[in-house]
Amino acid sequence: MTPRDLVPIIAFGVVVVAAALLVTSNVALNFLVFTMIIALAAQGWNLLGGYGGQFSFGHAAFFGTGAYLTAILQLRFGMGAYPAFAAGIAGAALVGLAIGALAFRSGLKGSYFALVTLAFAEVFRVLANAAEITGGAAGILIRLEVNPANFQFADRGTFLMVAGSLVTLALLATLALERSRLGAQLVAVRENEAAAQALGVDVLAVKLRAITLSAGMTGAAGGLYAQYFLYLDANIAYGTWISVEALLAPIVGGAGTVFGPVLGAVILHGLAEATKSVAGRIPGIDLVVFGIVLILVVRFPPRDIPGLLRRWRR
Amino acid sequence: MGLPPEIILEAVLNGLLTGAVYGLVALGLTLVYGVLHIINFAHGALLTMAMYAAYVAWASLGVDPYVAALPLAALFFGIGYLVQRLVIGPASRGKDENILLVTLGLSIIIENLMLAVFRSDTRSIDVPYAMDVIEAGPTLLSYPRVIGFVATIAVGVALYVLMRFTMTGKAIRAVAKERTGAALVGIDVAHVYAVTFGIGTACLAIAAAMLLPSFYVSPRVGNAFVLVAFTIVVLGGMGSVVGALVGGLVIGVVESLSGLFLGESLGQIGIFLIFILVLLVRPTGLFGARA
Amino acid sequence: MTGTGPDPAFLAVRGITKRFGGLVAVNDATLDVAEGSITGLIGPNGAGKTTLFAVIAGFEKPTAGIVMLEGEQITGRRPHDLARIGLARTFQIVQPFAGLTVRENIAVGAFLREAKRSAAMAAAEQVAHRVGLADQLDKPAAALTVAGRKRLEVARALATRPKLLLLDEVLAGLNPSEIRDIVPVVRAIRDDGVTVLMIEHVMQAVMNLCETVHVLAQGRIICSGTPAEVVSAPAVVEAYLGQGAAKRLQGAANA
């Protein structure tokens, strides 16, 4: 990593801090915090899906585990908020390792891997919806005790700063990965598994490391969500929505790039807000836009756009 | 587990009946996989859309779902044809992960359009025969489910005839086996793909018409079915039509029995666990040989 | 040779059989590769050469038989383990990491021995010089010509610093002048201390490069020897040209 590589990331951190200090509208802060949480979850997905080419449709399994552990450890086991948050990340990473060990050892790839991750997330959702420790269908509330020591803040600006710092850390981690041996091997696995193997890459080990890191990062987003909204139920924590969000943002913003997930999250949620302000409060309309954007991005990959424009002008 | 045998028998029979409709949903999925080699993640959303169509036919036009089944099948054949021809085909440009994303995008669009139009309320229709039962020996079978079972068999037979004895069927089989070769002898592959997708979607319309009298519809109802359908397809072997039908029956029984023993909320766990196990242990399925 | 053991061969393939269902792709193949040699593996299309390579490199498990490298059993070990102990292969159908640059492609190989990015990149550049890709380092691999991709295959394998390099038809699909360019590259690799076993159809190159040649036909090794011995062996001529061909040729020569 050279200082020049760090400039955009530092710039991002500065912008977030500035926003946290300058923006006063609660609606706007809410939007920014939520977008940061999505961006963090998406950065997790990007490690495995973007760099490793393994498309998970079930990152909710990691988001939800991070979220529930953060909440349950505080509520039922009296743990402090920060240790609980850390344990949530570790727990999510372990769940990732376990799912990865099962799926990758069986050689699942492509659509099959997508399917099996989706199914795992659903299993977690059904279990969380029925279990007692998660509060079942009624959900779980984290006690409101505003105090920085409890990972709860009086104003949303402070929370935005925390969320923005975590996203910045994730950017740094992604950049470090990109420049590391593991990163190079991960990309090699994405591009061509057989060739990677022939060059001494232990494909299984590389995938397992990637899914563990990926799950931990998305789990951190879950924990952050729990601390911000202080409420969870199975359809939030393990719902398909977050699997979709985590995947959409990197695909739209540029999978396998450091800034792709953040860019995608900002674009998508900016679009969603714009749609809502135009179309009013029609439920689901923002997601319709997401779906259309996804198809358009796949049909016209942004990196091809300059070429398309040239052809169109002619 | 001291349940009387009649109750278990009844659960098994009802499971078989429900499973037949699951099989019908899975049929469309497996057919599309067998020919286009794509996993259609929009399958559940298309089912939801078909159920709403059947709902509108009843609620606005007063048409009984059983009467609407065939016209809906025709309509959804057209929809499926166009979706493949105009959206999935061009947007995916032949790449596996693109198809994954495009069909996911479609499912998001359809599901949320339904949400925008019909809101999140759960709706059901009130047909006079919804609660009718047929006596079969010591057990009572739900009339709508028996109809659904019969319809599934009818669709299965119709598909068999179509595939075996018509030029369209021959073209579909040719494309499924050897796409390049089929194109070389002058078969319009894009057309055959779209027809196949249309047939798969038409199966959904019939399944929707069979489900509606005894089930409800909501914007996310398809999700409940699609994982079940995926399970069936994986269990029966990707691309295997017989596997889909048999797999449907098996899954229907598993669901019915695990609901009986574990209770409603955990009933689906059994299905997912089977799904994951089959994927991990034998992704080619129990019946399929296709890799 | 560094070893003190009695095993004469650097690479020893003993009785390798590989069946795919009913098809016997390789049938009881035995061959030796001497350390520091360039050894050829030739044979008609479909003889099982690539399958035998896949078995040696750990991509396929043999139905029977063993493979030894420097006296150590390596049968059935996984490809990445084998790469680690110094066995590298190229693919007949080139397998570039299409989305990466030439430099990044080669660096994946170099990362096997170098943990640091800067060291791996430097090693990649050095290897690129050896195979004549130095001026294309920043090109995307997908933009290379066929000859360039073949060189890239070799470069990536070399970057893992192998003791034994398996080259699967690196000359196939190249024009005569491109072949003339790559032949010295292969020889230089050997001169740097890497033992080479190559599958090749371009006989002129085989005659030119190899000290020893093994001939595989219908899954069996039918002949081993110097290139000159091998091309004149009746069994080899028949394997290529059909039964009775040797006699006919002989007859034609005598007439």
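Labels for the chains are A, B and C, by order of writing; each one numbers its residues from 1.
As a working rule, a contact is a pair of C-beta atoms (placed from the backbone, for glycine too) under 8 Å apart; a residue touches a chain by one contact, two chains touch by 3 or more.
Note that the structure is predicted; figures quoted are calculated from it, not measured.
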Relative to chain B, the most remote chain by C-alpha centroid is chain C
Maximum number of contact pairs occurs between chains A-B
So, in whole Å, the Cα centroid of chain A is separated from that of chain B by 31
Whole-angstrom distance, CA centroid of chain A to CA centroid of chain C, is 44
Rounded to the nearest Å, the gap between Cα centres of chain B and chain C is 50
Among chain C residues, those touching two or more other chains are none
Per the touch rule, the chain A residues reaching chain C in their complex are 179-181, 184-185, 187-188, 190-192, 194-203
In the complex, the residues of chain A that touch chain B are 53, 55, 57, 102-103, 106-108, 110-112, 114-116, 118-120, 122-123, 126-127, 129-130, 137, 240, 244, 247, 251, 282-285, 287-288, 290-292, 294-295, 298-299
Within the complex, chain A is touched by chain B residues 38-39, 41, 87, 90-93, 96-98, 100-102, 104-109, 111-116, 119-120, 219, 223, 227, 230-231, 234, 265-266, 268-269, 272-273, 275-276, 279-281, 283
In their shared complex, chain A is touched by residues of chain C numbered 57, 59, 78-80, 83-84, 88-91, 95-100, 104, 107-109, 111-112, 114-117, 120, 156-157, 159-160
